[in-house]
Every structure is written in C-alpha cells, then in structure tokens.
C-alpha cells in the first residue's frame, strides 16, 4: 500500500524485522513446545508485516493465512509427540549446539558481508499498479509451468502424506471383499455411509 | 459513588446461577428452576461462569466436600445460598442477589480462596490415583486436582505433562507427569486421568465418572455415587410426565439445544399448575414432538450408547418424548453403574455425557441395584 | 485509485474508531437477537450489555500452572482479529482499508482467529478447555477450505479480490442468485469459526463450556465479544459479497446494507437455534466429503459463467 | 534513507533468520523441531524474495514467484514431516509389539 518508502514504513520494517529474528531465536530458547510453535508463528507474522509494507499484499496475507493454519496444526503435533509440551520442566534437547551455532553464525556473517558489499542496482524501477494482478497474470501466463509443477507437487504430497499417516486402508474399513455395507470405523462420521 | 453502586446493582441484577441439588430434592429443584426462568437468571455451566451458587437440600459429607471445592473456584463477586425448604427459595434468591451486589470490603478479596496448589494438597488424600493426569500435554493440573471438581472436572484435572518419552515421573507444580499408553489409533498418546462430576449441567448430581482420557476418548471408566449407601431412600413420587420432561430438559442441555430445553422446562412447570391442563398438555406435546422428530438431533446423537434391547441414546430420549406427551410407556430396567461404564467405554467425552444424560440414573436406583460400585 | 478507503476519507483515527464502533454494535445486535431467541423473552435484548458490565466487575480466574502469556494473548487476540476482519467489509460504501487481496485478508484473519481460540483453550491447563480447543481445531480445519472456496467464488464472479469491486459487480444481479451454495457455506462456516449455535461444540455444555469453561471477568468478556463481533462482521460480509451490499431502491445505501446484515443475522439465529449442537465427529466428515466438492463445483459453475460473459 | 540501505537492512534480517534457522535445524534432536528450523530458513527466503521484488525488479513477477515457491515448499515440508512423524510413531509401537511377542514365543 505504500508506493514510496516513508519514514513510518522504514521504522515499521525495521521493528518487524527485529521482531521476526527475536521470535525466531525464541523458538529454540523457550522450553514450552506450545510457546515455541507460537513464537515461530510470530516470526512469520512479522515477515508478513514486512511484505505488506513492501506492497506485496497478496503474498503477505497468504503467508499469514498459510502459516497460521500450519502452526495451529503444528502445535497439536508438538504437543502429541514432543516432550515437555508446556515447558514446565526445564530441559534441553540439543546435540552439537556449539557446532550448529558456529554454522549458523558463519552463514549469517557470510551473507551479511555479501549484502553490505555488493552494489545493489536500485535505480528507480517501474512499479506495477497492482502486485497481486502482476502475480496472477504471471501464474496464469508466463510462469504457468511453475504453477503446474507446484500443483502436481502438492497433489503428490497429499497422496504421499495420506499413505504415510494412515494405518487403515479400505480393506480394514470394508472387509476383505470390500463388500461391507457400512465401513468399520472407530468413530462413524456424519454421512452414514 | 452512587452511580457506581447503581451500575453494579444493574449489572448484577441477573446473576448466573449454578444449582447443586442434593439427592431427593427434585421438587424443590423444579420450583427453583421455574423461578429462575421467570426471573431470567441464566444457568452457569462452570464455576468460572458462576455468580450465585445455590445448594438445594442437604448434601451428604462427600458431596458437601465437593461443593466446597466448587465454591472455592467461584470468582468474586460471588455468594452461596443454601435452600432447604420449598417456601424459602424466593427470599433466599433475593438475599443472594443483594449479597452479591454489596461490594466486597477491600481486603477480603482472596479470603477463603485457597490457592490452586493448596487445594491440590488437600485433595491428595482423597485420590491418589488421580494424579498423573496428563492431558495432552500440559502439565500441571489445573486447579485443584480433582475431585472436587466439580464441575467438570476440569478443573482439576489436568495435568501432567505430556511427555512422552521421558518417563521420569517427575513432578511439576505439585503434579506428577502423565505417561503415555496404547490407544485406538496406535499413536501412544498421553493418558490423562479425569473425574467428571459430581456437579455438571445435565448430569446426575453426586455421580462421579473416573476414567482415562486420551485426546477426547474415555477409557477404563468407572462410575460411583458420592455418599453411596447413606442416601435417603425417600424418592420423590412425582408425576411421570413431569419427570420425563425434566429428563428431556437435562438431555437437551447436554445436547446443546437451549431453546428446546427451555420449552421442556416450561412445559414441566405448566403441567404442575392444575389451572390450565389443556395448554400444558399442548406445550408438552409440542416440545416432545419437536425433539422426537428432529432430524438434526437424530443425526448428531443417533447411534451412540447402544444397549442391548434398550436401543441407543436417541431411542431412550424418544421414549421420554412419548412419556412427556402423556403416553404410557413401560419402564426400562434400571441400569447398573457397571453397565453404564461399559457403555461410555471408548466413547468421546461429549458422547459419554450424552449417554449418561440419556439414562435415568439416580442414587436410589443404584442402591437397589446390587452390583453398584462403591467409591 | 478511483475508490477511496474510509481511512482516506475520514482520517485514520476516526475511521478506525468508526469501524470499532460498528463492530461493537454488530456484536451487541447479534448477541441480543440470540438472547431473545434463546430466552424467549423480548426483554432479553438488553442482556448483552448487562452481562458485559457484570463481567467487568468480576475477578479473573487463575488455574494451577497456566500458560498465562499464551492464554491472555489468545483472549486479547480474539476480539482484535474479529475487528480486523471487519476492516475489509464495506461500511458506508467504503472499506477501512482496501488492498488488492481483501478476500484473502478476511480469510487470514479468520485463520488467525482459529489459532487464537486454540490458545484460549490451551492456556488454562484444564481438561475441558483443552478438549474444546482440539474440537475447534478439527472443526476449523474442516471448514477452512469450504470458506476459502466460497470467498474465492465471489471474487471469481467479480474478477477482483477487492470487496468494493465485488459489491460493484452485483449491480445488475446479486451473487446469491448464481452462488447459493457459496452463500450458505460462507454463513455456516462463519458460524463454525465463531463456534456459535449448531457449531458451538468447542464451547458446548457437554464439556462444561469448553474453551470458555475457565474464563471469567474481562477474559470472558473479550472472547464472547470477539465471537459476537466476528459473527456480525461475517453477516455484514455475507451481505456485501452475496446480497449486493448497499444496493437497493429508495433507501440510502448504508441503510440497505444494515438491513441486509440484520436479515442475515436473523436468519442465522433463527435457523441455528432450531437445532442442537452438532457433534464435531459428525460435522467434520460433512465438511470434507460434501462441502469441499460442493464448493469446488460451485466455483466451476461460476467460472463457466464468467467465461461466457454472464457477469460482464 | 536510500532504498539501497533499506534493502540491505531487510536482507540482513533475512540472513539473520536463515542463520537462526540453520542453527535450529542442525542442533535439534527431534523431527518436529528440525522442521521448525527449516521453516525459519524458508521464512528468511520469503523475506529476501519480497525485498528483491520491491527494490530490485518490481516490473518482473519472478521474485514473487520465488516467494510462492518458498511457501509451497514450506507446506510440502510440513505435510511430509507430519506424515513421517506419524508413521514413525506407529512403527515404533509396532516394534514394541513385535518385541513382546518375540519374548513370549
């Protein structure tokens, strides 16, 4: 929504940026799995806020939408499968923390050096009226192949995820001849099939 | 100051009421419910939601203790009213509201409100096996561990942590951690010990359901009456049509159908008034027809709690509908608590509540059933 | 830009205050209509305000070992998100702020509401509250996609994700005529996300109030207000997306929009209170197996109509 | 403040997210926490992609497409991660049951 960078926008971007990194650090600092999940969500929302300031409305809102749903589901998994979901018992579950920290810091330094030494070509680019329209037309036009691949990839993911996660197939539900009148489910659904 | 006092009076003019009925005071409860409906005072579903705790009759020692725990969870402004006789209740309710409106003197806040942790200690003696409670996760029990729990168990219960993996058996906030157990879906979810009752909306007061909760599925359920054996056997001999309407109202409360529950209660109260029999009959038939013909109720509550010859929860409710509209229906044999426990075994917590609400359980019938559980 | 936002027209602060006021009024209206139906007494209309005042004088609940930070965050987030979702609903012909992705914004706010409500259930460290939180997650997941497709269908018909464009595209024909399924699904999903009426399982009496079971005082007020405001905002959105927003003869536009919103609220409460709470293990299957394909089919029909120039 | 400086600040933030995410992905012991580290890395990619679009090439949709792809990668990673975790839990339990029957036999 800002066509030029006002002082307000720069301040907002800086604050949100700091917030996103701080929340990212919090993910691995807090004991509680629920808090870790929501710290990650806070990090995503801060990045979405920056994208909003950068005029990428659709991408910002979609980031918030997708990541919220993902984190809500993630919270359940964290609580189901992880120790210490509420963080009432202090504990650490890391291995090779020093080496990992060195790698993380090293990559950051490397990237930062690159970022601050490169001469970025920011010469008054032409801005589209509507970034959402630009993206939509790219998806349905010049970049359609990307979208096709993404679509197939997502569909594959749905199938693979379902296969991996379920333990009951149709033979369990409908009997060896697949001829049971009603599927044998632990909880009957609402369709009375 | 005056304005504030007036605002306070206005704000608390219709307090939310949590009713606790000791066994054997059915008629008193009916009159109080009718009065509350007339005044438009809503019913509370949890202690956090309560302004006025109304205890009807004289609870036995165990129930009285549970009511104490419940009372400790009600938040200021709060007031407790004990009603023994039918003629007192209107005055008692007025006094209760007046006491509620009076601002608490500064400094009294917190008096009589033990910290959650101290409640835990108190309850420990009562139920050692309730610990552990870990629901999904979080550790630490909610307020008051259990039993008392009035309402809902929720309070209470919660806790332990979910930890899988680490069976350190440690304690957190005074509560042992939960452990995991095999479950229906093969996912080794945490096992939380819960106690439902003895005071819940649409739940026979004094009944306590102890079970393991995994996710929202109850396993290894056990049912018991508080004060079992000491209950007076004086059963209110009331009109079966009114009793059926009352049970129907309870079931509809649990099923989350407030308008139908309200109509069932109003019909129940009208039936008692001799003045207008025809209209009362019409109301009773209308609500019975509405419930028994409801497709959505059949869809949502059908097929649960199936019991040999007695049909499922929905069939039992439809029998009550027939009774409520005045048709003669032969009685189903009373069910033992073990039988009920078998019905709720493996049920989702909401279905379990519906199943219990669809059975006419009372401490009296339990005493007559030989194999009932003792607490 | 041809269309102006409320913030540009009135100034930012008055516009935000105006939207908050509209949200609160809608919330009170929804609650009042609901109370009148539930208690069966016309006098119940003042009860929402009385309850709010009573909750303000009440103590806040504490439980043992709660996750206080997340709990309070959830409680504050619920009404905030409900008001934010109102930011893209046209009021007096303009939205508080207008983006090129208004419909997705509305959807995102409702997804965030989902996370916030789960936090309200998680925070107090109590069985019934957490059970309510899980029910809400399952219900939200099943109704998220149908709601998304319903919103997108309206955007598809208008060729824009901007709500003011969607309203403008209905000048000749209300979208509800060609998108009845999307309209019904939108309103039902909104009720599901506000855990209200037949979709109140996360806060139902069978789990002692579920996510609201441990709430009292100002926390309860925030959550209850949030769900009422969200229902009101959704009704206003439904009126804008499917019922032509502020178009109508004789009366001024905003009044028409208000009337349509009230009609949606009244219809929702009237239908919703005629049935018991639907248990989530029954409703989620309907969401996944019936509503998702149905809304996709609806979108397909609308897409074909768009290609034929029906909406042009 | 020049656009270049703002770009550099935003990119530094993105680099910070990537660094923190890498630390987490490498140091955590459980699948779900490793996934959270990877998500943080991708979060940095989102931010960098958005900044690149705004400051460097807003006339082209390529940077936006990069962000879309990063979002999809996140979704796929999450979905597969959860599925694998569930499968792993089931397998672990099956193992335990197998072991028990071995003992008996």
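So that you can tell them apart, the chains are marked A, B, C and D in the order they are listed, and the count of residues begins at 1 in each.
We take it that contacts are C-beta pairs under 8 Å (C-beta built on N, C-alpha and C of every residue); 3 or more make two chains touch, one makes a residue touch a chain.
This structure is a prediction, so every number in the text was calculated from the model and none was measured.
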Measuring from CA centroids, which chain ends up nearest the centre of the complete protein set?
C
Of the pairs B-C and A-C, which shows more C-beta pairs in contact?
B-C
Between chain C and chain D, the Cα-mean centres are separated in Å by 31
Taking each chain's centre as the mean position of its Cα atoms, how many Å separate chain A from chain B?
42
Inter-chain centre distance, chain A versus chain C - centres from mean C-alpha coordinates, in Å:
25
Flagged in chain B as touching 2+ other chains are 136-140, 172-173, 186-187, 299, 348
Contacts with two or more other chains occur in chain D at residues 86, 89-90
Could you check chain C for residues that touch two or more other chains and list them?
65, 67, 122, 125, 134, 278, 281-282
Can you name the residues of chain C that touch chain B in the complex?
37-41, 43-44, 47, 50, 53-54, 56-67, 122, 124-131, 134-135, 198, 200-201, 204-209, 212-217, 220, 273-279, 281-282
Taking the touch rule as given, give the residues of chain A at its contact with chain D in the complex, in rising order.
5, 10, 13-14, 17-18, 20-21, 24-25, 27-28, 36-37, 40, 43-44, 47, 50-51, 54-56, 59-60, 62-63, 66-67, 70, 73-74, 77-78, 81-82, 93-97, 99-101, 103-105, 107-108, 111-112, 115-116, 120-122, 125-128, 131, 134-135, 137-139, 142-143, 146, 150, 153-154, 157-158, 160-165, 167
Of all residues in chain B, which touch chain C in the complex?
7-8, 10-15, 40, 42, 45-46, 48-49, 51, 73, 75-77, 109, 116-117, 120, 133, 135-145, 151-159, 172-175, 192, 194, 200-202, 213, 215-216, 252-260, 262-263, 294, 296-297, 299-301, 348-351, 353-354
In their shared complex, chain A is touched by residues of chain D numbered 1-4, 6-24, 26-30, 32-33, 35-37, 39-40, 43, 46-47, 50-51, 53-59, 61-62, 64-65, 67-69, 71-72, 74-76, 78-80, 82-87, 89-90
Using the touch rule from the top, collect the residues of chain C that touch chain A in their complex.
65, 67, 69-70, 73, 97, 99-101, 104-105, 107-108, 111-112, 114-115, 118-119, 122, 125, 134, 137, 140-141, 144, 161, 278, 281-286, 289-290
